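Just below sit the structures, each encoded as structure tokens.
Here come two complexes built around subunit A, the first alongside subunit B, the second alongside subunit C.
The block that comes next holds the complex of A and B.
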């Protein structure tokens, strides 16, 4: 029982991070109908930026996170601006463009920070809490709280603000949105910037849990992408549920299948996707090409 | 206009083919030049193949720096037979497939010897190609799978996992009297080698692991495995995984309330391991290593000082291993008067070298060092236990 609960706690904290990555994937997808394959590498840049501000510039962790979100937000804007001429014209080229940006970002990270990574000490120094024999790291609680805040904040933005409503309108029908005077380009740019910011949030938060190097994106990206698929690509709630499910599933398969855990995780994932191809919160997918 | 051009299409193809052939010939020309360079004049070409990107890149970085230091010293003394030694670095990304391609590349480009890799899995993948091309290879890998290749061109610049782990098991069981030992290893080439070597060594001394956890090489959350280990209340936990993963395991284990010390081979003696886990978490870690500190001998002090002045950072085991390996290769090149292929491999095997790790005496299996020492991490530094 204790082992089951402890495994759950371990899975939840990484699941929260996967949820943030999945949120970014989904936000860009629902707005533009585009899968941003550079997303995971933006998260890696975010992790590096946050660790640099925190460790090298000795800024407080929260400030380092905000700065890194701003930087990656700007990177998101640049990517969207470069790809904009292709919007609604050549969808495949846009996809490949995002893959290209991912490769460029990895190369840039190696140029700036070198090939050897860095370990980030946890910004929360209090000892883990002991709840009925289950140890909960205080930093993990922080990660889950920040993720919850980000989800609520994003939900509020999309549902209650004018900009957010405009983004929803573009997601539903970009031609009709243009007809009523919504700037589709600006809406897309905003989606890209927020998506990149979420990636940085995920990267920055995961830094003290893992090890920051240029290949961090690969580790986060595949699980984050799977989380978005599982929850229903484009769905905000789905991204959260998918992320947590993937994290917890991964944690349990690691316990039961040991060396074959990755195989087990993705077998379960494949079966789930076969049963529900649209994902758990399968919204009508946006198809724009 | 287009119609006028149509009949000329075959001719265009022909011209294209000729141009292509000319281009290919032009490409192979430098190769021919270096062929001569590889045998009697010009610089002596040695390849360093290692991970220069990805999670294992710190290994590659240390290895290149160690080898480069040795080569620079030899070049300063005038090289070998009046010829300079040229070292070129290749990035295998820690990936066996990339490694195999690089093996073909360095064979095609007529490198006479290869230093690296620091990843057993990559070296194992490269070994058949290098054996066929008769290129001697001094690796920093330590998995017993390397010896099982039975390649006469493959040499280790340190002890094998069996040596590391037999020494470690003896210390833990006989000196410390530990009976309850937990084992956590990854399913990669290195981790599997460590698992087999350690469990066998402990088994020979009559101790069976209380729990035997296997994780994947890119796993990030070890809650399940560590909770299982915690419930067995072991006196010591053996880790068989590379630097970063071992660091993450120790960090998470301490958070879960495991207070037992950890034990392991080479990776646990590195700064990357200590940084990843945090200094407090690694206190008391028991390490089996042939190179415990930069103060262990006058030669080590000299090496560490040279390393620091060249790169501005502290030397450690992997740099020392690569330095020894490069020196053995260069000594063999000197005694054999820059032989290549099988003659060079025989010269390496015959080389007796007193290095930083100890006295190298190569056997037919390509292993030159068969002992390690035990150190314990105290206040972030390895301290010898005798």
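The block that comes next holds the complex of A and C.
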């Protein structure tokens, strides 16, 4: 029991990070129908940038995060602008284009930060809390709180602001949105920038939990994608639930299969997604002949 | 043709002479390049030809290499015995990785295959049997009587032979029946199913082909380097492989090969600046997808297009749609009982009931019209009959057999053909190939011939091509045989759809709004074509809004409204039925607005309006 709870808590904090990755990923997907394979590498750049501002420039952790979010947001704008000619046209080509950007971003990271990674100390230095015999790191609580805030904030933005509503309209029908005077290009760019910012948030937060290096994106990203799929592509709630599920699954397989945890995680994920391809909150699309 | 043979011969001779001019390091690089070229062919077959986003190719490569390494060093097998087992193991892996493709496509499939590749890397880095992060060294030199394969020069010839055979086989697949079906599936899986392609089997075939090439590349790699370690099979290398295929041109196997060899050489040349090289090819991939989505392989065609546009076209000017040659009337259909029997079929989409206990009987030799306002369930009915949707309740019987749960391909083979309301031609195939896909009535299991009896494939191919030519001639399409469907006028595309459906030699032809977007002259031609099709012995059911066409063509009309059959009978009976008038003109709404009573049946106003 104790052990199960401990696994669960460990899974929740990583799951919160996966949820953030999935959130940005889903936002971009629902708005422009684009699966952004560079998303993970944007998160990696975010992690590096945050760690540089925090460790090298000695800025406060929160400020470092904000700066890294701004930087990645700008990167997101560039990617969106370059791939704009393909939007709403060739799905697979866009997907490959974002993989190309991912390769570029990894090379850039190596050029700037080198191949050796860095360990980021936790910005919260209080001792772990003891709740019902389960050790909970205070930093983990911080991560969960930030994720919760991000989810609520994004939900508010989409539901209550004019730009958010415009983004929803573009997601439903980009042609109709154009017809009522929404600048689809600008709306997509904004979605992409917010998505990239969320990736940086995830990357910055995961810094003190994992080791930051150029391959961070690979591990973080594919699990974030898996989370988005499991929850249901394009669904905001799904991203959160999927993230937590993958996090818990991850921490469970790490406890039981040690070295083979990644293999076990993805086998379980593959079976789950085959049983329900549209994910938990996803809608089955009817193919119309 | 002759110049092409000369070019191929020159290439073979050059490939044979190549080692004589190269230093020992360069030949090593060339050996590596050939291995990547094999991998890229597999990737191209899955991604470019079959449209299956397969990001696990590097894992297939790894399974092949590790199998050889483990079996030779751990279990004491000889190299070739290990190689045979390695091919089998890789193909089995390919089948397993391909299973998700049955349930999902596109990006979903990409993420799942990428995840499985990551799982494989995780396993080889941690398992004892694979030597962990250190890998396995001491793989024996493959033995060949009289040839010392430890020399990289001689190994080159072994690789060149395997690669040459691999490329020829790949091209053979692409340009014959199997490859055509794979490409049709890539362009439009639904339409491919409706022309008789077994989509699930074809998807698995794509993964088997990809894994076969991956496994061969892995075996050659193990024999060449004689050492395997996880970093060779990393995701980084997966993306480089992807870059090769995209830069070369994913839809052309030769393009994939050029991309693979080119990028391997560039990578080696820039090995001191590997990070900059990575930056460079990442950027090239991005530029390629935006500016040259067909890759290097597509550049010649684009240049030719540009040239033709600049200096005026001369060849296409005389292309014209020739008149349709009627079929020779077939014997009177002697069918016991009706050909198509739809009994109390309902179809629900979540809360919405699109079809509500629809019953309909079509006799052999009929031309049946199905009309009704938009959203009345006409196309849904077609989708149920042709196997795209499964009815929520009720049964469909075709030619006496219960086909309620039959898949589209099975119905196509049984003799049901259809066209689509919004044109579903295979966009990247030529008109001739569109017809060839439909003419091919063989089941997918006949692909055993590709492995064991290739002359059988060639003979079938020749027969199909002859038949395709006569279909093209009958429908007056010979001038457009090599054109891409999307480049043709709308009316011609509509005719191609009918020709494609008829190429399956159906007993029942379902036409979904065949006159939509046609001009008056084209509608007249359509009437002649449909009559001739019926006279040849094929029963026709058509959905149409053009009432004039329906009135003059159909002996019997079924009217649907809100998913229900509201009238059935001869054209005259149907237009007089009060339910029909109400459905079309909304009788109650009109009276609420204080307008006069609905127009009488003698004035077929909706019909007039639609014909003009």
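Just so we're on the same page, the second predicted complex is superposed on the first by the 277 of 289 C-alpha atoms of A that agree within 3 Å, B and C clash if a C-alpha of one lies under 4 Å from a C-alpha of the other, contacts with A are read in each partner's own complex, and residues count from 1 in each chain.
One rule holds in what follows: a contact is a pair of C-beta atoms (placed from the backbone, for glycine too) under 8 Å apart; a residue touches a chain by one contact, two chains touch by 3 or more.
This is a predicted model, so every value here is computed, not measured.
For A:82, is the partner it touches subunit B (first), subunit C (second), both, or none of the two (neither)?
After superposing on A, A:82 lies in contact with subunit C but is clear of subunit B.
Looking only at contacts as defined up top, I'd like to know whether subunit B or subunit C touches more of subunit A.
C
Is A:250 touching the first partner subunit B, the second partner subunit C, both, or neither of them?
first
Using the touch definition from the top, say if A:110 reaches subunit B (first), subunit C (second), both or neither.
In the superposition, A:110 touches subunit B and subunit C alike.
Tell me the contact category for A:186 with respect to subunit B and subunit C: first, second, both or neither.
In the superposed model, A:186 contacts neither subunit B nor subunit C.
Quick check for you: in the superposed arrangement, does A:261 touch first (subunit B), second (subunit C), both or neither?
Touch partners of A:261: subunit B and subunit C.
After lining up the shared chain so the two structures overlap, which partner does A:121 touch, if you call subunit B first and subunit C second: first, second, both or neither?
First partner only.
Who does A:100 touch here: subunit B (first), subunit C (second), both, or neither?
Only subunit C is touched by A:100; subunit B is not.
With both complexes overlaid on chain A, does A:226 touch subunit B (first), subunit C (second), both or neither?
The answer is second: A:226 touches subunit C but not subunit B.
So, does A:90 touch the first partner subunit B, the second partner subunit C, both, or neither?
second
Can you pull the subunit A residues that subunit B and subunit C both touch?
In the superposed arrangement, which is not itself an observed complex, subunit A uses residues 110, 219, 258-259, 261-262 for both subunit B and subunit C.
Okay, in this complex, where on subunit A does subunit B touch?
2-3, 6-7, 9-11, 13-14, 110, 115-119, 121, 128, 130, 135, 137, 209-211, 213-215, 219, 247, 250-252, 254-256, 258-259, 261-262
Considering the complex alone, what residue numbers of subunit A touch subunit C?
35, 37, 82-83, 85-86, 90-97, 99-108, 110-111, 218-219, 222, 225-226, 229, 233, 258-267, 269-270, 273-274, 277, 286-287, 289
If we count contacts the way the header does, which residues on subunit C are in touch with subunit A in the complex?
Where subunit C meets subunit A, its residues are 51, 53, 99-100, 103-104, 106-108, 110-112, 114-116, 118-123, 125-127, 190, 235-236, 239, 242-243, 246, 275-276, 278-279, 281-286, 288-290, 293, 349, 379, 382-383, 386, 388, 420-421, 424.
In the complex formed with subunit A, which residues of subunit B make contact?
The touching residues are 52-55, 57-58, 60-61, 186-187, 213-216, 218-225, 227-228, 231, 244, 247-248, 252, 255-257, 272, 275-278.
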